[in-house]
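Order of writing sets the chain letters: A, B and C. Residues in each chain are counted from 1.
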């Protein structure tokens, strides 16, 4: 039983990466209607930048994370303005294709600039150590991750519920033309949403540097899981993405323990199942 | 392009392809086989995307079904035709089943479903050691002789196999040409243009989409089935969603609104990749950039650009209406 | 006079809004029935229910004696019930001729043909060309429909619905966006198609000239159900109708 609970905890903490990347993906889809294939690559860039600043250049961890997030967020906003915006009136297939092309480009660019797989830098001092949970050591870093994830969830909820910006975003998401007619500058809203979504993905990536080796393939692996989560939670449904991340994180954790052979298959089978039976997601109203 | 010019061009191309093994190196022949495989795969994909308006990220799954089925058949029964037929049929069956589940959904969900299904097939290929050999794949697949009407034609060289592939590819592409110019092809285009209106003129949209999806799957499977006799192995990466990109890119590159688009694109993709790889290992980077540029600026692909050039070159004064070229679907 | 279409107790809600709230409708064969009413009366939703685009929450629809309530649109078209749309729903990348060929080939079952080219169906092509002529679009056959001027697209929009050789054809605001000259032309066209091809029309309209110049019978809707129905003269004289339309031209 203790193994179960411990593995569940591990699953919850690793779910935080999934949450950060899925939050961005689902917000972008909910507001812009764009399914951003390249979101995993943004996670990867966040990880590489984080590694470069913290692991190689020796910057303090917090600063490295902040800088990575900022840089990738800006990149995301630039991509939205320069590459996606011209495609808005057209068949959504073109947006999918464009972001797909970006995946090829960015993943290989990372290989070009940074090379292959990297060592893992040490966990920053103030986050080292572990508590004992269910008879095993549970790293402080994992607790830190869970804390960040909860803070992000809280922050997003507050932002969308209480702030003027959040209301503008929700208005634009539900009716673009009406929002524009009401004086909301929808292009700015789009860019800001992409900025936020990209930043969240990069945050996930940057936070993964002290515990996971960075590699160019991590983007492709993450995006597929993020798709699964957003499908389960419902495209554009932030609460669903949060619960979905926890679900997938915990299930993956148990999966690696008990069914390492067919874990991948079952995850995709669940995704297909939800899409078939309840495409609006398990948590849709 | 007027019919006379087109016939000469096709004849020239045909002649060139027939003589290729005599004038080109073994490597060029090998590369051309890959172009033909991709051409068959892409022309099937474009039936789904360009003609019916459905974007699938899972074609690699059907390609893999075709490849693995053919390989298993050849390992048990070394005769080429059963391998090819079996592979194609298995892929078509898989596409029918998965398509039946998927076609009722709108485009984004459909695309995601194809991605999920494709990856399910990938994970089976990777993990199901008993059937697929796991991550080692299937090895020692023979280039079995062609047994037809009592004759047995051994295929010891790549050049001999090339002719088999050439014939199969030409027949497959010709059949597809017939299909897209048939009333069914017109109906598919109507479904693409307006799903709602298509239903309201008496077309069963779901059935039509299923037909397109099954045919596209069969073509991907045929392309896959032609692979094992060439390479003598089959491994899981051919089923990954990044491999699904090949027919997508070829079609996008060549042009989705022209029948010949996927064929031109297949040639360009293989040829360009081959060239790029000599200079840098980062061909994905170039390819990704090309996709972005194409989607933003040249959605008609190379075929549209060529057609525009031809129109200008012929400089015949046209009426007020937009030119509807003979090649354009 | 045969009863072509009978709708009983149709109801359709969208969230809190009851767009159609107990609609009873009878359409007899022959001529043209107009369906009018203020904005939000539920006219387009009614058409959507009749054509199968939407499924009713309650109620039944009978066409030529058969219950079609649960049938999808393509099955209704096969039984002789077609419609046109208010928002242009043509096939933009197909030529004008092809736009008309599709319903004809669908009707004759030729769509099953996989290996014979479209050109091998000369009767279908001939029928499409004749319809193009009736629509006044003979010169535009090879033009991609999306490139046609608005007025021509409107005619094509109607033509597609008629090409299925329906017994009953529902037209949703066919004259929307047309200038007075075009509108008169459209009126003439509907009358002609009705007489020559024996099609019964139900026309949703805002333009009263079209309504009174064309309709044999007028049904007035309000708040999701029928308010009044009668001959054009009776409706024009009705105070109830006039009050509902306060502010609109009658």
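Rule of thumb we're sticking to: contacts are C-beta pairs under 8 Å (C-beta built on N, C-alpha and C of every residue); 3 or more make two chains touch, one makes a residue touch a chain.
Being a predicted model, the structure only gives us computed values, none of them experimental.
Under the stated contact rule, the graph of chain-to-chain touches is a line, running from one end chain to the other without closing. Centrality by C-alpha centroid: the chain sitting nearest the overall protein C-alpha mean is B. With centres taken as mean Cα positions, chain C sits 48 Å from chain A. Once the centre of each chain is set as its mean CA position, chain A and chain B turn out to be 33 Å apart. Per-chain CA centroids place chain B at a distance of 41 Å from chain C.
For chain B, the set of residues that touch two or more other chains is empty.
On the side of chain C, the complex with chain B involves touching residues 51-53, 72-74, 77-78, 82-83, 85, 89-95, 98, 101-103, 105-107, 110-118, 121, 140, 142-144, 147, 160-161, 163-164. Of all residues in chain B, only 175, 178-179, 181-187, 189-190, 192-194, 196-205, 257, 321-322, 324 touch chain C in the complex they form. Residues 49, 53, 55, 101-102, 105, 107-109, 111-113, 115-117, 119-120, 122-124, 126-127, 241-242, 245, 248, 252, 282-285, 287-292, 294-296, 299 of chain B touch chain A in their complex.
Chain A meets chain B in the complex at residues 35, 83, 86-87, 90-94, 96-98, 100-109, 111-112, 220, 224, 227-228, 231, 235, 261-262, 264-265, 268-269, 271-272, 275-276, 279.
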